[in-house]
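By letter and in written order, the chains are A, B, C and D; residue numbering begins at 1 in each of them.
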């Protein structure tokens, strides 16, 4: 493991009386796949939102490559190489599948104050579109409206959009939730394939998937870190079993 | 997609089909029937229709078809309707406009198309002065008239420190200017309010502090009702007498103001109690037909119709003879419900102007009672500005 | 495509057709429809494609009209529009004046947009409405230019090679302007910029997460729409040869919105159909009944409830976005 | 100095009237997430019904007693027959439908009651004036309006803080699904909220009847002011509506009252009167713009 790529220091976010994130410090290293687990309401999604910039923290700092990005707005973080998928699928339902992906590509290929040329047939965008479609296996649905996709396909599209941003760090918020077993396996393969290319922070309920994919795992409860460690360390940790496995009914 | 073109074609074909009976003389009435001021147009229209009905569908013995359309007090829309009247219906005589701003927008275009326009209400200074035209006749009043008579009366009554109130738009300032033309005392305060304002508490309080000996206001329509009610509730009406032009005191509006307007003296060119045969006949017929007392607007609509009737009779219904028609109109050879009526050189009325008072009659209805004629055979201030070149 | 060609052909031949029917008057109505179609398409650009529901769009329409009216007024008078800090003479040449109207509307749209776009949803609707009302009251009390009385143009503007006072010439000019704007809008919505705008309508948060500073793009869209509305205003001032603050009243914004929704928002030809239907309906209903609003009101409710894509949707059975 | 106090009282009174109208509207906006342009129509209906009943019976209270349930009932009918179908649609559809509703109600009023305005007087027991400060009589009815407005504010506060239905409404506002999961009948709740909103609008109409002209279209003049209040206060927040209404009432009244005086210090009288009137008519919009620059979601947004 090399230097920390993302460094979180004393991060705090409260919603009224709810401590979604409380004095949380964590380092995520370049190239690792880091999973966040914990019971419902532990603050996993809040942490992702704070890292991606969807939420502003009450206190604390976030560093990317030793640069303080705590106050950098959401859209700018994308340009620094952060990309994410959302727990509740967040796509552009009225646009076609290829337009969805095109937007993700367009986002990092210069400004979009271009008013005349048709975006869909722009060779510069087109070049990246084909592999992006292929990567998530949606070539055959390229022209369909995103709203018409099945739930699993929407999830795939969502991940595909995050990937099309060519991120350095990829945040995935429950990418496998609600997918059939086949879909989960496919997606697991996709993520495994990405491990070499980028740093991944993963929130997921599918414990099997996590243990097979993650290099390190952080367990959150009530907005605080219980423990961070490798899969084996977590499996054997008594604290985890008590705080997490004890509460969560097996599914 | 095909359906829409079919529909479009149908409309293109159907619209003209309604306009293919050219026998009677067509008179186009653009007036305000919707919006808050809709009742004004209704009065003018009903007055006009009464005259038409009395002639058995004829004016001056000539069959007449009256086409009425609502302009919604919108000058742009009124202009559009006027265009249609002129270009499609080939109307030669138009009337009906209530509001000055609508008249300013519409009349120049109408008269420049060699169509006669007879104004039954609006009398903006522009059309009496610089913008006067041989084809434009005003059968009601020049806007300032009703303020001038109040200004003169307030002088005569010995008030010397008057407070002025009007909405902040050109007509408001015109009316104040009309008042000042004859009033000679001091101005205790001059306040312009927002158009369509509903709450006047701030103005009333400021007015109390200004300590005037009388109040003159011009607030047409709902604004006047709002103000009078609130003025009444403030108790100031017991110490400060109120004056204004007739616009806030017509018989329909008074029912909505109630006792708050009692005792207010206002200026007008006509009241239903004027004692002349034409008027007695008109008021009785109007009450019988519509079940209400006519307002001054109705009288103006009625007079407009009778003026047209006299001219139509004189040219024997041949509206194509524009010059003869104009000459006949200028003669004003009709029995006005106002008594004596002639046209000034800028084709506005020369008539008596009265001060009247709001009273409650035996039946408990709020109405106006004529007090005195302040001006006799009064013309208007813009005659000199009008260079009618004929 | 066939429909497009036949519609274009019909519009091109309309004056001849009406002349043949002896209904020249309707040419003027047709020009009016084209102008309102222009402003409706411009509103749809931000509403249907950008998801920005503005109830103050008439403000830009009115500003464009006032710029033309004020300069034409001064040109007729021979007096300067401004004498300080520099002398600005009156103008009546369309080629200078109309771009100026566009510029002023765009500038105003930039200011109002920058403030309004800090919000979204219902806030945005109400704020655009309130700004338009502010302008309305400003012009009502602007005595120098007629205030509530409005301002008459004494003649239409000069346009090289055309006689705008001729209704047919004016009609073709309006048709050309609308045609060009439709082409621009057509290219715009499928360009990179259009992609960003449509994406922001669907899911603004996601756009930001992808790396788009959406505010800038939405503002640009707001300004483009405002500028086009300003051009439409310049045309309507020439059409009626009269302007008044009523052009900016919020109910007028409401009428433009109704045209867009009636025709079908999120489409380019929908608003054109909407403008035509509304204006024709208004003319026809007014002939048959004084209480035309009693029928129009419920009709609008029905459109809102059942005709998602307006007339365009009903006619073509097509979804939105397929331009 | 006395004048300043009197003008403050006037500002308070205007603010309270605006609050009556905005409280109902902000509830509908905030809780049901539905934009309702036709709120002014219910205000108009309230005034018309009260004026009619008062004219027939001679009793203002009877007018009030009839107008409130009638307005609420019409409101609930509109909600059940039309608005309900619009919750899941976009704001534009709601704008279109309620715009149509305004046209319909205005025209219907004209057909039923005629085109001229209606009469409604202050009840005898509220006429006259009280000298709060010696030498400055203040109309009793206006004091009554202030009283009613404050009572409504108190009532709404107590309802939201302490009653079951109030808590249900708050729950429904913050999270629809959650509230449904808790067994709250959202459909019925929304109908009730809309009824409550229109009832408040009707109340505002009844209270305004004796002060203002009762005429078709009276709702639209005040609707825009109400919007400004709600934008300033923050959508969905009754407290915000209260603060916003008072602020707008004060700024508007004081601007109208004192701007001309200030301008006269600088400009010649004729220019000053005109300019002051123009600025005064735009003042609240400027206030709104300023507040938006400072706090885009209003002073007291409902969900932070």
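The rule is short, and it goes like this: a contact is a pair of C-beta atoms (placed from the backbone, for glycine too) under 8 Å apart; a residue touches a chain by one contact, two chains touch by 3 or more.
Here's who's who by UniProt: A = ABC transporter ATP-binding protein; B = ABC transporter substrate-binding protein; C, D = Branched-chain amino acid ABC transporter permease.
Worth saying up front: this structure is predicted, and the values here are computed from it rather than measured.
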**Prompt:** Where the contacts of subunit A and subunit D overlap, which chains show up?
**Reply:** C
**Request:** Please find the path from subunit C to subunit D through touching chains that uses the fewest steps, and give that number.
**Result:** 1
**Asked** Which chain's mean C-alpha position is the greatest distance from subunit D's?
**Response** A
**Prompt:** How far is the middle of subunit A from the middle of subunit B, if each middle is the mean of its Cα atoms, in Å?
**Reply:** 72
**Request:** List the centre-to-centre spacing of subunit B and subunit C in whole Å, with centres computed as mean CA coordinates.
**Result:** 34
**Message:** As a quick test, compute the distance in whole Å between the mean CA positions of subunit A and subunit C.
**Reply:** 43
**Request:** Could you list the positions in subunit A whose residues touch two or more of the other chains?
**Result:** none
**Item:** Where subunit C touches two or more other chains at once, by residue number
**Value:** 137, 140-141, 143, 293
**Item:** Numbers and ranges of subunit D residues touching at least 2 other chains
**Value:** 107, 110, 274, 277-278, 281
**Prompt:** Can you name every pair of chains that touch?
**Reply:** A-C, B-C, B-D, C-D
**Request:** Under the touch definition given earlier, write down the residues of subunit C that touch subunit D in their complex.
**Result:** 47, 53, 55, 115, 118-119, 121-123, 125-127, 129-131, 133-134, 137-138, 140-143, 250-251, 254, 257-258, 261, 265, 291, 293-294, 296-301, 303-305
**Prompt:** What residues on subunit C touch subunit B, complex-wise?
**Reply:** 3, 6-7, 10, 18, 21-26, 28-29, 32, 137, 140-141, 143, 146-150, 152, 236, 240-242, 244, 246-247, 273, 276, 280, 283-284, 286-287, 290, 293, 311, 315-316
**Item:** Contact set on subunit B toward subunit C in their complex
**Value:** 1-5, 8, 11-12, 14-16, 18, 33-34, 69-70, 74-76, 79-80, 83-84, 87-88, 100-101, 104-105, 108-109, 124, 168-171, 173, 194-195
**Asked** Along subunit B, where are the residues that touch subunit D in the complex?
**Response** 33-36, 38-39, 42, 168, 190-196, 198-199, 201-203, 205-206, 208-209, 221-223, 225-226, 229-230, 233-235, 252-253, 255-260
**Asked** For subunit C, which residues are in contact with subunit A within the complex?
**Response** 184, 187-188, 190-196, 198-199, 201-203, 205-214, 217, 220, 319-321
